[in-house]
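As written, the chains take the letters A, B, C, D and E, and residue 1 is the first residue of each chain.
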Amino acid sequence: EDVKVGVIFGFTGPLESITPAMADGAELAMKEVSESGAFLDGSTVTPVRADSTCVDATAATAAAERLVTAEGVKGIVGADCSGVSSAVLQNVSRPNGIVQISPSSTSPGLSQVEDDGLFFRTAPSDARQGEVMADIISERGITSAAVTYTNNDYGLGLANSFAEAFKAKGGEVTIQAAHDDGKADYSAEIGALSSAGGEILVVAGYVDQGGRGIVQGALDSGAFDTFYFPDGMYGQTLLDAFGDDIEGSFGDLPSADGDNANTFQTLAKDAGFDGTSPYTGESYDAAALMLLAMQAAGSSDPAEYKDHLFDVANAPGEKILPGELAKGLQLLSEGQDIDYVGATGVEFVEPGESRGTFREYDIKDGAFETVGFR
Amino acid sequence: MSEPFLIGEAMVGGYGAANILNGCTIAVEKGEIAVIVGPNGAGKSTAMKAVFGMLRLRGGHVRLDGQDISALSPQDRVARGMAFVPQTHNIFASMSVEENLEMGAFLRRDDIRPTLEMVYHLFPILRDKRHQPAGELSGGQRQQVAVGRALMTQPKVLMLDEPTAGVSPIVMDELFDRIIEIARTGISILMVEQNARQALMIADRGYVLVQGANRFTGTGAELMADPDVRRTFLGG
Amino acid sequence: MTRSVLLFAGMAALFVLTGLTQSWSLALTVLNMGVISAIMALGVNMQWGYAGLFNIGVMGFVALGGLGVVLTSTAPVAGAMAAGGWRILLALAVGVLIVLGAVALWRRGGRLRAPAVILVLVAGFFAFRALLDPGVAGVEAINPTVQGNIGGLGLPVLLAWPVGGLLAALAAWGIGKTALGLRSDYLAIATLGIAEIVLAVLRNEEWLARGVKNVIGLPRPVPYEVDLQQSARFTGWMADLGIDPATGASLAVKLGYLGLCGSVLALVMLLAELALHSPWGRMMRAIRDNEIAAGAMGKNVKHQHLKIFIIGSAVIGIAGAMMTTLDGQLTPASYQPLRYTFLVWVMVIVGGSGNNWGAMLGGFLIWWLWVMVEPIGAGVLSAITAPMSDGWLKSHLHDGAAHMRLLTMGVILLLVLRFSPRGLIPER
Amino acid sequence: MDLLNALVAFANFVFVPAMSYGAQLALGALGVTLIYSILRFSNFAHGDTMAFGTMCTILVTWGLQHLGISLGPLPVALLALPAGIALTGVFLLATDKVVYRFYRRTRAAPVVLTMVSLGVMFVMNGLVRFIIGTDSIDFADGARFVVSARDFRTATGLDEGLAIRTTQAITIAVAAVAMVLLFWFLNRTRTGKSMRAFSDNEDLALLSGINPERVVAVTWLIVAALATTAGTLYGLDKSFMPFTYFQLLLPIFAAAVVGGLGSPVGAVAGGFVIAFSEVGVTYAWKKIAGYVLPESMQFSGLGQLLSTDYKFAVSFAILVLVLLFRPTGLFRGKSV
Amino acid sequence: MLTVENLHRHFGAFRAVNGASLTVERGSITGLIGPNGAGKSTLFNVIAGRLPPTSGRVTMDGQDITGLPPHALFHRGLLRTFQIAHEFGSMTVRENLMMVPAQQAGESLLNTWFRRGRIRAEEKALRRKADEVLEFLTISHIADEKAANISGGQKKLVELGRTMMVDAKIVFLDEVGAGVNRTLLNTIGDAIMRLNRERGYTFCVIEHDMDFIGRLCDPVIVMAQGEVLAQGRPDAIMQDEAVIEAYLGTGLKNKVAHV
């Protein structure tokens, strides 16, 4: 059998510069599974890409509809932006009973949506990350921070939950200024941020998008020199772009304990893409989990395997690290239990989203240096 | 009889499927003035456009100085020494009066100042308004700009489509005077006129065009003398 | 005439082909949105094709239509009015009064009017904010992950369609009153600007419709597929017809939408055609051709412009509400000028501006293309690369496959415009 | 001292950024305005033309950097610029031949040409991404700053720093020169006047012996130069990402329109209007108030009229206001 | 019937109309002549509401109509033609005429949806009327031609034809004659006289054709440099030294005689 899995990301549109790596991440897992030969009696997996455009819900719906009804995919990895994710879920996945795992839709609102148990996400909801950020920052003795966030549900959600948690710990958020991605100029935001002041600048944005413009402007004008970078800002590009200038800044990202992230990055490098680009690990995990669940159910029918996602993602069972999918498949076919850890340390909590383990890092000598896990 | 300097011979053509010109012939000798008259919509302007190459002919030829120029583009005809003032849209509305005149001399490489002076002398009002956008001028003033632009070309053949429409009598007199003078320097003038009686008075040759075909042809005086022509085409 | 019939037949064939080669579900999905696009195109055609008004703020009206759905059909948020809703309404009313006052002051003239107006506006702005901000804070504090807005009226969602049209019409009235004196591209950029302002409000005022946090799970005018699949009666029918119940449910829902949207399209089309082919249409064309002469011939150009601008915008607003209903959610981030303004314009121009049938055909065709260029483009690309030997170029091209979508769109658009520069079904 | 600090803060966060952003917009708007005035349509492909030009320049820059060439404090991309312009020029001329000329011949309405340019935009959009990808690309080298904030602080002993980037300085200078040149070219030179004549009345231009194909070709070449320069300078200052260039289109158009379409001076003025309104109106005055106001008058908030969320909306609102009082833009543009 | 008092219209520093005062008597055919750029068309434009005056007053039947918009003046019975033809290019010549009458039932949207019958009847009458006018102007054969595609002179005729579609009180004709065949112009002149005599139209006519003016108009007003230079009976005006110098010139005929 050849199992088709849909990969629906915004290959054109505002996120077009990070989605190719995400898709590569998801497809890496599929390739690994296909090549293992252990998947569903030697079945193979074929990815089918479709363009969510990130913003156009209607076009995304049509694209997903095509994947499901014309291409006959058994599951969907995606979509990327929360808006299109929920449109695809409501208009395509639910009506057709297809499992959908999003690697990057972090909007807290999605936790409450009706999904008939079909919708999962390997990215933690923003609510939790905000608390982690507040912890990290206040533990370093910082009491005032300016926040800028990308003006979408991810950025806003993160900024809000951080601000709330930070205030609860006695910190002061001097300003919360949104920035739009893909805009030509961020001087206005930088002016406002600098005027408001603060010991650090928290940049809840995307490294290839507005977030980068903001950091650039803040550095150039001398407004800030220490930054906090949550997951969307993590990536090799950040170091490449700013090098020494962001020495001493720090941040966090969802990641498993140990060296799993590094393992994944090596895998990615071998496959020819950048594993540090935002949400690539999550995408890998999303695809891997979907396929492992199929294996556990012994079927690629969504109605059957949707109930196995929790089993494969959570303890008890043998821990499965990135690159060990063959082992996982093998164990499952032997009827054993596994606990998929993957690139980001996925652990599902109700209603089907990653609880989130976060790695705290420093930027030191032009490299990311892990401080600890939370 | 030797062939006229410029001739549009047995021209057939139109804008859409239907023909507007049905085999009319128009010619002018060197240094002569030829005037075309006729009712509205007879095809006078169309004939002028055809001679100037702004309309594809379905039949007939245009010859200049013995050479067939039917295939040339309007631009190339300008280079051959033809100049044309269309009936409508005959100025560059957003450009100043002086720039309009300069554009008339676009292909010339010599000193254009004397010609410019000549035009200003002919139409004094234009000197006063030379830095004003031509689109802001009064109807008659625009007409003067249009004729001035054509004069700037220093053409061998000057084609004018109703140059005096909207022009006040005093300027019209001046204009006709000047046209006679120009013709005397050896330039051929081909014009359409509704102020037909004045125009025919100075014309060496007159054409009455009706429905795209020649109805009457003769010297200006002959046409003026023909009571039929006078009554039906010249307003009595 | 035969040409238009042929073109519409061709269009229908495209959809049937989609159904046969891809899936009927997809064909219907595309068709439904095609119907809505056609209505949008008709709205723009009224403004541009009839009256020559260059409105490129289409996106704003579409979004307002969507807002109408949220405000009409979502369930009321408990306690929102008490927590600050009334205060917000009061602030808005005060805001309107301040603006009206400033306008009145300006009209009265006098040498000091400019500073006076500025003073009133600045002072008014602070008063407005002082009133508004606490209200907003109160409302936004209510269960922010899923609510945090003032909520809707909980009315049937079909009612939201005219409401969406009404909101758009109101906005159009305001815009028309101020900006319709502008000509061509200046009007265009002004409407574009106003659309951006509408969007900015929609994205940033969370109390209104949750801003970028999106409103999802809007009520539907048709049953849910899941419910149909569980209904014994429905599965029975499907069994009789020999259709898989999941597919059947999905088709049934889409046909339901098609019925609703199709009726709206038919009604709009009927009214538009009746109006266009009557002295009213003649008057509009006269105004479009030459405003000055039309004025001198006794037509009140300003008034007619305002009227058609409002009507066209209302039609766009209705379509916007329909689209939001079809999507089942309001996501302000999705309102991008390229998609909701320029694409609709492409529909009108490609179809044939000034001609209702043309605009409608353009709506169907361009939307179909917009969705289908992705597989077409990918297909073209693999056809191109198939004979290539493996290597750098081939893999490079493959990586770019996603961009074939826009590239194909561009090429097809250019081809269509090349062979019918005045539109597929031009104005007669 | 405090007053100086306030001034420097204002310069650093409002004046200098707005000036350079304004100049960036102005350069783009000059291209838009030129096409509008000569070829009489709004060219939606301009943002992508800028992206295309920048891409060409980047490719050449990479080549030069590979060869180890450097320009000292100036970015190498400036050296690659002429080549980029040439490539873009060739591409635009080809586009004109294949696409636009047909519509010119058939006298299509401006709006049809605008839609055609949308088609061209899609194509260029795809091409650029095919060739160079979607990632953000940094190709600036040389000295980043003329004056950096830190140096300024140490040199003056003020609390506030003032940063002026090399690219900002270059952009402002280039925009000014380009405006003057273009104005001079259109209004004083024979070719320039013939271009205006052509745009005014094509038939009559023909009758004056003006070669329309030449006029069009020259227009596209100038547009190529303007777009490539604008795109490259912008890319040097920020970074090159195709999507952003598409997004630049709206503010660029806004600038060209408030200034008055068809007017080079207007394009530049429009660029500054948009830039200053974006940066200025949402500025938080708290810091400056902290320097100049006495303790008792300090305000608790940020001193911000509107949050930065509204910066785009504000700049458009100002644009609409300007148009209400000046219906064809600040410098009386034209309308087709 | 219509009086203009001390009217000014300036363009920047230039005074196109510079304190003109004049009266158009009810039932007259008043001629307005003057050199190019005298301000005649500008005066018309101010009267007809196209341009706001810089200062001054226009009254019609004793009511102040200064600065009223053109469509309002149309409804008061003031019609005008344009010196440079303003046709509705994408409409047929017949439609150009049919659109003119005001208060057409079919111009209300609701009527177009619910009262098709009434519209049809009205249209029929309008069509007949338009065809009559076209017949009169000798351009019936181009009734179905797009107005953009007709000859310059024909456009002028359409321009005139529009004023014949309704019962006007006062009609301002700005050089209807320019570009119109002289034989036809004579017919038009007759028509103007007939409308004037039989239907009581008042006319104010700008024209450079002195034959036409002489035959038709009484009185004749001469403008120069934005002011009224002279006023009187046509024959008197044509003898007036100032007018000859500013406007008429010594005449072509004398000169040609010398050639």
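Quick note on the criterion: contacts are C-beta pairs under 8 Å (C-beta built on N, C-alpha and C of every residue); 3 or more make two chains touch, one makes a residue touch a chain.
In UniProt terms the chains read B, E = ATP-binding cassette domain-containing protein; C, D = Branched-chain amino acid ABC transporter permease.
Here the structure is a predicted model, which is why all the values come from computation and not from measurement.
Peer 1: What is the set of chains touching both subunit A and subunit B?
Peer 2: Both-contact set = D.
Peer 1: What whole-number Å value describes the gap between the mean CA coordinates of subunit A and subunit D?
Peer 2: Roughly 35 Å, centre to centre.
Peer 1: Would you mind pulling out the distance in Å between where the CA atoms of subunit C average out and where those of subunit E do?
Peer 2: From the centre of subunit C to the centre of subunit E is 46 Å.
Peer 1: Quick check: how many Å separate the C-alpha centres of subunit A and subunit E?
Peer 2: Computed value for the inter-centroid distance: 74 Å.
Peer 1: Can you work out the whole-Å distance between the CA centroids of subunit C and subunit D?
Peer 2: 30
Peer 1: Counting only residues that touch at least two other chains, what does the list for subunit D look like?
Peer 2: Subunit D, residues with two or more chain partners: 129, 133, 307, 309, 312.
Peer 1: List, in ascending order, every residue of subunit B touching at least 2 other chains.
Peer 2: Expected reply: no residues.
Peer 1: In subunit E, what residues contact two or more other chains?
Peer 2: Expected reply: no residues.
Peer 1: Name the touching chain pairs, would you?
Peer 2: Pairs flagged as touching, ordered by label: A-C, A-D, B-D, B-E, C-D, C-E.
Peer 1: Which of the residues in subunit A come into contact with subunit C in the complex?
Peer 2: 11-12, 16, 20, 49-51, 53, 55-59, 61-63, 65-66, 68-70, 81-84, 86-87, 90-91, 94-97, 107-114, 116, 127, 151-153, 155-157, 160, 178
Peer 1: Within the complex, which stretch of subunit E touches subunit B?
Peer 2: Interface residues on the subunit E side: 11, 33-38, 40-42, 83-84, 138-139, 142, 149-154, 156-157, 175, 178-186, 208-211, 246-253, 255-256, 259.
Peer 1: Write out the stretch or stretches of subunit B touching subunit E in their complex.
Peer 2: Its residues touching subunit E are 15, 38-41, 44-46, 87-88, 125, 136-141, 143-144, 162, 165-174, 176-177, 180, 194-198, 201-202, 231-236.
Peer 1: Show me the residue ranges of subunit D that touch subunit C in the complex, using the header's touch definition.
Peer 2: These residues of subunit D touch subunit C: 36, 42, 44, 99, 102-103, 106, 108, 111-112, 115-116, 118-127, 129-130, 133, 246, 250, 253-254, 257-258, 261, 305, 307, 309-310, 312-313, 316-317, 319-320, 323-324, 327-329, 333, 335-336.
Peer 1: For a test of understanding, state which residues of subunit D touch subunit B in their complex under the given definition.
Peer 2: 190, 193-194, 196-197, 200-201, 203-211, 334
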